[in-house]
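Listed next: structures, encoded as structure tokens.
Presented sequentially are two complexes of chain A, the first with chain B as partner and the second with chain C.
So, the complex of A and B:
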């Protein structure tokens, strides 16, 4: 997971709510255009604009490319399928459209502290309060997810190593059961830690 | 002052604390005992994370059963494993978590976060992801996150257990410098030599309550 990159650029200073809205708008436009030539032009333009925004934000090129790395295999398969079925223009459209969106989403997380992002989401969810939703709880759930994905990955790696030492590599049960047990124990401790720091979901 | 009156606690059928009556007034109090002796449960009673099955715990007159939220503002708690205590992904934003919960204004939150980052030499790591910190840095962040909330008393449950020697010393120095009253639960006896009072737990009871020069050797003899 690539963390927030501190900076004072206009992209960093842009309010998180506007960045999220821009991302949603870009996604909608890129997927809503019906004509292939228009859609392709828009996707290429979006890709170029995203590259320019990375420059403005002062994000190094290697970090920009790192956003696309997890997607590389999926992109390759999609392009091959499109090339075989619909020709090179469709292949190029899929590549440009998905790359532009992933890069834009990456730019939002690279230039926004997660606490600011969560705060913006909480504010954006205020309308759902009368429907029984609790934006503060939603915000905390997102924050905990972001915080504990790497911790869970580390736990899974530790358990895998321990099972390998006992000759149990490849056993899904031997991996899953200890990971789930540790996660449940951990969730009790985290709940206590959140309580200990005076968290009140009804305040948000 | 923390008043503990006829406190007992059980998890289902398992009794973990029996009939404790104590007044905790000293600046530094250590709690020691073997595994399963009840010391961690005792620590959790002090800031209302647990309410006793029997009896009362009061902090400056506030009952943990009735005034849990107010007690937690007075008594900060540092857990053994900082990984389970750091709630938000970034260092500075985790420091701000407790402060936001206190409902402080934004500029006051920013001031206190900045102060905590400087005090614990974490300023270069302000925007760093918490999961990439070293064990010692994580424990410092956990302590800083609690201290930024300016509690009157801080309870630390085995804060050095998972750390190497260098980080143990670092954390010991940080705790030594705390202006607050502190209650330290630990197996690390060297870490407890400078405290004012030691409570030794065994099978849910305080079996020794004395100065460290008397209590720590007696505890070592008990465990050998």
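So, the complex of A and C:
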């Protein structure tokens, strides 16, 4: 998991909604520039600006590099392909642009608590109310999802043990079907329990 | 949406996340990993139906964007959506909806072949139609190369479709959840 690095820097204090919007804007601009030299200049500038923001946020360089590690050899292959086909400028552009965006996205995650981000999302969904999305219902669904993941893992472990006793541990179908059926039954019970407590998201 | 629908949405979002516990294999050239998570998309559509399945995957993508490490290999954050595989991930909600819609339309006349066809349409054809141009744009390779690189997904996709047909048919007999549309 990408850890949250606590801090008091301006990057930390910037509201999560604004950070996400800035990231989307950066992504759009970097991909929208039509000319190669313009795009290259913008990508290098974005990379430098991102590095500066990491310093402002007080994130150690080790963590910054860790953001790029999953991307490292994808980048290496991409650069080789670009060098062979389009020349060094295109290779540099792809590397700089992808690294800048992934680093920037990593920065948002590093400087924002998940709970704050989810809260911001929930608040951001208020505009979607006329479209039929109810922020309270989305909030309930988010909370349930986070709770269900460890429950699913526990049920899967139980079923795997039961199927091993029957000599079926190699069969994915014999593992998945009982897990899904048990989860479906459990969902009905949970829904009944929520309703029995008079939960009404329409009234908040 | 009733409370039961909300719980179903959460369940299938969590199922897709749990399928990410299988370690991913990253493809060369296109840089997109093969994961079991696209099975979550197919299962959500085939078992939960169009509305709930689509909402489940939309919720999943929302949580990934919020930085939760729900993608295969414990990845998460907006970097996923910005990266080469973003097109596939962003199409998942639509794919789950389309699969669910076709399942609900044909719920009385489903044969194994028909199910496989629906899953291939929604889970393979539709996601590739967005995913491949996305790779081409992000990685600046041309469409043909992105398509050839993505062809490595096809054997895995075939296995997933067969598994989902087997699972969905058995689950439907044990616990019917779909309503005819």
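Everything that follows uses one rule, which is that the second predicted complex is superposed on the first by the 133 of 204 C-alpha atoms of A that agree within 3 Å, B and C clash if a C-alpha of one lies under 4 Å from a C-alpha of the other, contacts with A are read in each partner's own complex, and residues count from 1 in each chain.
Simple rule for what comes next: contacts are C-beta pairs under 8 Å (C-beta built on N, C-alpha and C of every residue); 3 or more make two chains touch, one makes a residue touch a chain.
Owing to the predicted nature of the structure, the values given are computational and were not obtained by experimental measurement.
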### Query
Touch check for A:6: first (chain B), second (chain C), both, or neither?
first
## Note on the structure
The answer to whether chain B or chain C touches more of chain A is C
### Message
Looking at A:121 after the superposition, I want to know if it touches chain B, chain C, both of them or none. Which is it: first, second, both, neither?
### Response
second
### Task
Pick one for A:62: touches chain B only (first), chain C only (second), both, or neither.
neither
### Message
Once chain A of both complexes is superposed, is A:35 in touch with chain B (first), chain C (second), both, or neither?
### Response
neither
### Message
Looking at A:194, would you say it contacts chain B, chain C, both, or neither? Reply first, second, both or neither.
### Response
both
### Message
Quick one: is A:144 in contact with chain B, with chain C, with both, or with neither? Answer first, second, both or neither.
### Response
both
### Doubly contacted residues of chain A, that is, touched by chain B and again by chain C
1, 114, 140, 143-144, 146, 151, 190, 194-195, 199
### Query
So in the complex, which bits of chain A are touching chain C?
1-2, 20, 23, 27, 31, 67, 70-71, 74, 77-78, 81-82, 85-86, 90, 93-94, 98, 101-102, 105-106, 108-109, 112, 114, 117-118, 121, 134, 137-138, 140-146, 148-149, 151-153, 156, 172-173, 176-177, 180-181, 183-185, 187-188, 190-191, 194-195, 199
#### Entry: Residues on chain A engaged by chain B in the complex (per definition of touch)
1, 3-6, 113-115, 140, 143-144, 146-147, 150-151, 154, 186, 189-190, 192-200, 203
### Query
Okay, in this complex, where on chain C does chain A touch?
1-4, 6-11, 13-15, 17-18, 21, 26, 28-29, 31, 43, 47, 55, 59-60, 62-63, 65-70, 73-79, 82-84, 137-141, 145, 163, 166-167, 170-171, 174-175, 177
### Task
State the interface residues of chain B toward chain A in the complex, per the touch definition above.
44, 47, 49, 69, 72-73, 76-77, 79, 81, 83-90, 92-93, 96-98, 101-103, 126-132, 145-146, 149
